[in-house]
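Two complexes follow with subunit A in common, the first pairing it with subunit B and the second with subunit C.
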Partner chain A sequence: MLRVLWNEMKKIWTWKMLGLLFIVNLILFFLVIEFEIEYFPNGRPELDSYRIGMEMIEKYGIEMDEEDIADFKQVYEAQVTEADRYLQARSEFVEVGWDTYEKYRAYDPFEHPEERKEELDFQLMHEEQVDLFWELQERERLIEFHDWKEVGLESIIADSPEPQKTRYVELLENRMFQLYPEVAIRNFDRFIEGVAATILISVLLVVSPIYLQDRNRRLLDLQYTTEKGRALYRTKVLAGTLSSFWVVTGLLAVYFVIYAQNKTSPYFDVPIHMFIGKEYWYDPTFFQYIVLCTIGIYVLSFVFVFLAMGFSTIMPNYVALIGIQIPLVIWMIGDGFNRLLTGMIDLWTAKWMVPTVYIVFVIVSVGVMVYLSKREKKRDISM
Partner chain B sequence: MMRIIFLECKKVFMSPLFIGLFIVFSMFNMYLIVDNSYFKEELKIANGLAETYGLEITNESLHQLEEDIKLEVGKMTEMTGQEVESVFSFFDQLSMEDYEKYSEEEQSFFHQLQLKEAYLNVAKQIDSDYEGLSMKALAEAEIEKYQLSGNAAEILLTEAEKLSIRFDKLKQTGEHKQWFFLGQPYEMHSFLFRTIVKAVVFEALILIVLATALLTTYEFENRTHLLVYATKRGRIVMKDKLFASLLVTTVIVAMLLGVTLAAYFTVFDYAYLWKSSISSALNWEYNFPYITWWDMPFWKFLSLVIVLLYSCILLFTAITYAIAVAVKNSYFTFFIFAVFFAICFMLPGFMPLSSSLLFITTFNLSVVVMNPHLLFTGNGGLVMFKYHEVLTVTVWTVIALVLYWLVSNHFKKVDIH
Partner chain C sequence: MIVLKDVSKRYGDFTALHDINLEFTNGLYGLLAPNGAGKTTMIKMLATLMRPSGGEILYDGKDIFQMEETYRTLLGYLPQQFGFYKNYSPKQYLLYLAALKGIGKKEALVKIEELLEKVALPDVMNKKMKKFSGGMIQRVGIAQALLNDPKVLILDEPTAGLDPKERARFRHLLSELGRDRLVLVSTHIVSDIESIANEIVMIKNRQILYKDSVEKICQTLEGHVYETSIKYEELDAFRNRAILLSEKQEQGNTIVRFIHKGKPDVAWLPVTPQLEDVFLYEYRDDVDGEV
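Moving on to the complex of A and B:
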């Protein structure tokens, strides 16, 4: 039994397949994953956002009470004074009337554009890239978000339809406000979608030929007359499943090791509702969210692996086998992963929707496999 | 022999898979078009302007338009009972509630007039806007953006000089002063050529690679090779297969393009704008207007893009055929082709930023088909060369011929068992 399984595995893992899998992963890595690693944080103000977030976690931990917020504002005020001094020390800024940070901020390039001010602003922010001023901008954004939250949430509650409304009320009552910069989690969202796409294509590439290649070579006549006979079909299911498991696990390991370069681990304990931006139905921490996405990738990969094995059983040739899966894969990459993986607990998808889709997917794919392996017992293979 | 080719083609066209995929792709394209058509009524303004005032924007026609708008603004003063200077200023001080008070007809009248004003404002500013454009500055910005140096930077600057000459000529002939859909809000050029045409190219590639792989490896995968290659026609049947693949490609691309473009032009009306230049200042979408190397009215650009993409896709068919003959397995053929396509596309990104290799590697088919909206233009980033498209297709035709010669020699002697 085990020897047959081992031999079936060897049939899947040919050198040609390994080579192709490697090249395909290399290409997809550079196409859809590498950017999120190489360019994180991506320029400014993302860099400042990331740094201030780190500082917040270090100083205030994963939750900020009123005291912490007061302290945060104090830091801001201190930086404003520093910025005042910086501006006053440079005559060219004083000349155009920018002797305080407030006056500098009051400048509106759209309403009253002034060429000299434009030049100086560009010099300050882009040529010299003074950290202080970039940080001030980001802190302002965070403070604005904080000050706006109660009023903002109340008006959102007034406008929201029912199931979302309850959740918003819950957020407001427990004072679960969005406070932390969102760079890390949005970066992870894009990263994991790229990884999911890469893994999906990889497992399908490996497992799709499993039945068709034997049928093409007219091996069934031989195999099904052995002592093991038609039970071989199930052994192949096992071989395919095991192979896929190793592909998914191996690739996840590789890509997560690469992801470690982003150094987002300080953020892992922050509950995801604390990040600015999206709202969610539940309150996992960032780390739990990563685990959730990983489980999602396993489940979705196996769903498509089972479907692929099903197609492999019934499709007449390789071209049909690839062709029928193309729309499915394109849909998953273009839209599906966004809804089913990173949008798994998104507040604006109905709460029951994603779990239902997962259950239906699992039932259909497992059902197809069970049906086909039962059918295989009685099928006329002389055709 | 004709019968063989016919029967080969039948394998594709009678296959439920290809019919199914064709329907799915066509539906998807139509969905893309309809999904983006919410502003199609507004687009009629551009047609109307070209119809009434002529395609060319001249000082007289602009003056005429201004007068007409003034007349209509006068009508608005009557309708609203208040002094209206321009629709923009009128809308500025108008609250949502006041706006609701007007009847739908009046609202649509205001709206039309506002759009006309927008077109007028853009048209009036063409000269001053174009004065600020410098091809050299553009090239320098590109050099900064990609951080080019050495040879690469020099090449870019030389090209920019050539483009400068073309740009000056363009300003003299007034190619840029023609009515077209406003580039800023609508982005019709990008929508048609980048979204729609690129989608068609992708779908066509999937179909033709699958079809070519199917036909070329058919005998081996269906265990008929011992029979077929032993017949009188024998291995020459591979030639028929190539010919059939090219024929199938031609038909598939024609059908896909036909269905998609028919839907597109049914939804979006170009009635008076077929002769409008791609380099028109109104077709100004991002930081720069499109500047084509030759005078290119819309119809000509569209036809040339179709011809060029056709050539590229036929060459891809030939390349797929070569891969399929070499590996004799349609599964691997498909993925090897995908890898080939992706590597060609990514290749320039891995070249040193100081050498001319950076540009040489852009002369490949993947790069050409991936940016249909920038074809024949002089400001399309790293592929701005005047003869980029023509040269690429020529070079790859030679490569494809060599590949064909190699694989057919190989196949003549290969062991078939």
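Moving on to the complex of A and C:
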């Protein structure tokens, strides 16, 4: 049994396949993953957002109470004073009337545009890139979020339908407010969607030929008349599943090692409802959310692996085999992963939707393989 | 012993075989019929690749489809066309199939060496099969069928691609194998089996026409096969009088071999019927069609 399984694995893991996997991963890495590593945090104010977030976690831990908020505001005030001093020390800023940060901030380039002020603003923010002024913007955004959190939630509750309303009430009652910058989690969302797409294409490449190649080569007559016989079909399912497990695990390991360069681990213990932006049905930490996405990738990969093996059983040739899978892959990459992976527990996706889709996917894919396996036991091998 | 009881095979509305009843014991059987007569269908049913639409196939009284791997362990099979992995050597390929046949690796290695010797391929044991000729591939196919020392050996058109020397070697191998097991060879080449088969099975109109020894089958045409020499211009007219089996040119004339069931001409030389005569006579429409 093990020797037969090993032989089937060897048939899958040819040098040609390894080379193909390497090339495909290299291309997809640079197309859909590399950007999220190379350009994280992506410019400003994202860089400042990331830095302030790190500082918040270091200083206040994963949850901020009122005392922490007060401290955060104090830091802001101190930075404002520092900004005042900075501006006052620069005659060109004083000349245009920007001798305090408040005055600088009050400038409205749309209502009352002034060329000199435009030049100085550009110089301060983009040419000199003074960290202080970028950070102040981000701190203001976070403080604003905090100050408006209850009012914001209350107004959302008033406009929300059930069952979202219940969840919002729960968030309000338990004082589960959004306080931390979202830069890390949004970056992870985009990264993991790219990784999922790469893994999906990789596993489909590995398992798609599994039945078609032996059938096209007319090997079934010989294989099915041996002692092993048609049970070989199930061994190939096992070989395909194990191979896919290796591919998924191997690629996840490689890409997570690469992801470690983003240094987002300080955020791992932060509950995801604390990040500004999306609301969720549940309250996992960022790390638990990563684990959840990883499990999602395994489940979705196996679903598509089973479907691919099913197509490999029934499709007459490689063109048809690729053709039937293209729409599914395009849908998964274009929309599926967004809904089924990073949107798995999104508040604005019905709570039952994603688990139901997963259950249906699993039942259909396993059902297809069980049906085809039973059919293979009885069907006439005419070609 | 294999018994086919009222076996039929239908593909939708088309009936390939109808109410076949046969018994095979140890020995060499030749399944002889033109292409498309249902030989491969029968062979595939005996190899459990196809299920009969009606009737049953029994091995020692048990349904071969219910016996599952117990039957397949006894089976050696060479299909008419079979696949291989181009980058495998015969040794790798046979090891792959040996694993499927449940043969341990050590035992298989010894057996593979012995069999490749038998089919005259020991020198290319480790060479990739993608460089092999059709005949060499066929010989690897024959070797794989013998890997598990089968009690039932079924060979579908086994001599395809073999040169005359290899055919002769193969015939010798077959008669040796047929001594202590059931060997069924399907072919449309009469000379492959005429001299070695214990019995010949002929299929016609989806049913068994003959299952008998070569001698007995030939007796069915006893006294009706003749040879004579005629002028080439007379050939067309002669075709209307007799069933021509063969013709060859000799010293400006045509020597014809033919069947005539009426009163013979004095110039005609009666000859002993051969299996090929019966084949050509019984399948004259199919054979003409093939030509």
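Just so it is clear, the second predicted complex is superposed on the first by the 382 of 383 C-alpha atoms of A that agree within 3 Å, B and C clash if a C-alpha of one lies under 4 Å from a C-alpha of the other, contacts with A are read in each partner's own complex, and residues count from 1 in each chain.
Basically, a residue touches a chain if its C-beta (ideal position, glycine included) is under 8 Å from a C-beta of that chain, and two chains touch if they have at least 3 such contacts.
Bear in mind the structure is a predicted one, so any value in this text is a computation, not a measurement.
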Which holds for A:V4: it touches subunit B only (first), subunit C only (second), both, or neither?
second
Touching A:V291, do we find subunit B (first), subunit C (second), both, or neither?
neither
Is A:A78 contacted by the first partner subunit B, the second partner subunit C, both or neither?
neither
When the two structures are overlaid on chain A, which partner does A:V254 contact: first (subunit B), second (subunit C), both, or neither?
neither
Touching A:F30, do we find subunit B (first), subunit C (second), both, or neither?
first
May I ask you to decide whether A:L20 touches subunit B, subunit C, both, or neither, giving the answer as first, second, both or neither?
first
Does subunit B (first) or subunit C (second) touch A:R218, or do both, or does neither?
both
Answer with first, second, both or neither: which of subunit B and subunit C does A:I324 touch in the superposed model?
first
Once the two structures are fitted together, what part of subunit A is touched by subunit B and by subunit C alike?
216, 218
Complex contact set, residues of subunit A against subunit C
3-4, 7, 11, 14, 214, 216-229, 232, 378, 380-382
In the complex of these two chains, what residues of subunit B are touching subunit A?
15, 17-18, 20-21, 24, 206, 210-211, 213-214, 217, 221-223, 329-332, 334-336, 338-339, 342-343, 346, 349
Of all residues in subunit C, which touch subunit A in the complex?
44, 47-51, 68-69, 72-73, 75, 77, 79, 81-85, 87, 96-97, 99-102, 105, 144, 148
For the complex, which residues does subunit A have touching subunit B?
16, 20, 23-24, 27, 30-31, 205, 208-209, 216, 218, 317-324, 326-327
